[in-house]
Amino acid sequence: MRLGEVVGTVVASTKVPGLEGIRLLIVQPIDATGKAAGGAVVAADAIHQAGVGERVYFVASREAAVALPNSFVPVDHAILGIVDQIHLDPTAKDAP
Amino acid sequence: MRLGEVVGTVVASTKVPGLEGIRLLIVQPIDATGKAAGGAVVAADAIHQAGVGERVYFVASREAAVALPNSFVPVDHAILGIVDQIHLDPTAKDAP
Amino acid sequence: MRLGEVVGTVVASTKVPGLEGIRLLIVQPIDATGKAAGGAVVAADAIHQAGVGERVYFVASREAAVALPNSFVPVDHAILGIVDQIHLDPTAKDAP
Amino acid sequence: MRLGEVVGTVVASTKVPGLEGIRLLIVQPIDATGKAAGGAVVAADAIHQAGVGERVYFVASREAAVALPNSFVPVDHAILGIVDQIHLDPTAKDAP
Amino acid sequence: MRLGEVVGTVVASTKVPGLEGIRLLIVQPIDATGKAAGGAVVAADAIHQAGVGERVYFVASREAAVALPNSFVPVDHAILGIVDQIHLDPTAKDAP
């Protein structure tokens, strides 16, 4: 999974069957210190409550669809949860 | 999913069974502000109406085939919908 | 899918069961204008006729095995077809 | 699989069903010589004992869920084991 | 698939169930001319005979597990065969 911040929403009236009712959010991946890392993705909101500005963690690839009520949908990024806190150990050799 | 713009089409007469009748479009991935981001891909048009110049969102990996009527096809990128609007929150810390 | 050019072949006598009789070709990914883009991959020739120097499109990840007669093989890149023509729309904002 | 070092933990009270009781750790991918390589990921701890500062190897994509007791969960990175030692052959042409 | 050179081995006593008896090798991906390309990965040795210093080709993602006797294991990189020879066509436009 990756850490990210919700930065926007997508409106799309024309879509394939199976995506009706799924909120699509624009998520900017971030690193463990909160810095943007890589390009934004469009993720399905599997928790139905992620809001713009919130820190989330999301899953990519085949596993994203598993997070949704109907898993047989063409979805490859899904928000799994809201991040309350991140604890980093500054003594770890590769700590960011 | 990623955002992209349809920039061209592919003509391929020799192909594996299962791909007959599937339109193949060249899609340039873009970021949330509309700037090109990464290399172009060849995507199946799962909505049967994506046109050159249109903004779309597309799915990659295993989930792409799920967007097509017959899911047992070797397709790893599919256009899922046409983007009408993108709302970005300028107050988000990592907004592009 | 990605566009590519067949640039070589691989000879491998020691291999896992299931790969016998599958031609392995070295494919250089290219962008829509024909320029090399990223590192070469080893792809199974699912159309049985891709030749060195030809432009092809290939599929990656789980879907590659679906292109082969026996889909339960450890193959993650497969050539799906030979590209006859690419039409790019120069008026597309993100056209290459 | 990739080598990594556990550098932190994630606390997330709001999450999708199926992730209860799964420890989420922040893992910094490293190369064979121990240098950080690429961005940190959030991985499920499939061995239930990976601690901050430890060297681990982890799996990505669909196979990550297979490492967990319930494989039908939306997890795309999982820690598989703790690395005791790495032996590198300095005579290998491409040894790091 | 990708080309690679085996450059080391991993010793890991703590591991998830299903990985017992699977040799884990450190593989440096290389391009078609033999130059290192990208970061090293940890791959399962599906041919039971890949040695340090040998050129191999390996598969990534979901398909890696298919190369092993028990496919329901959390493995995302597997060595499929030893490369005897690579033939590159110097006349190919994108030949490396």
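Should a chain be cited, it is by its letter among A, B, C, D and E, assigned in written order, with residues numbered from 1 in that chain.
Here is the rule we go by: a contact is a pair of C-beta atoms (placed from the backbone, for glycine too) under 8 Å apart; a residue touches a chain by one contact, two chains touch by 3 or more.
Just so you know, these numbers come straight off a predicted model, no measurement behind them.
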When each step joins two chains that touch, the fewest steps from chain B to chain C total 1
Cα rotation angle, chain C onto chain D, in degrees to the nearest 5, is 145
So, in whole Å, the Cα centroid of chain B is separated from that of chain D by 31
Per the C-alpha centroid definition, the whole-Å distance linking chain A and chain D comes out as 19
Residues of chain A that touch at least two other chains are 61-62, 64
Among line, ring, star, complete and other, the chain contact graph is ring
From chain A round to chain B and on, the chains in turn are A, B, C, E, D
Within their complex, chain B touches chain C through residues 5-16, 18-19, 24, 26, 28, 30, 34, 36, 39-43, 52-53, 61-62, 64-65, 72-77
Chain B partner, complex, touching residues on chain C are 1-3, 29, 31-32, 37-38, 46-47, 49, 57, 59-64, 66-67, 78, 80-89, 91-96
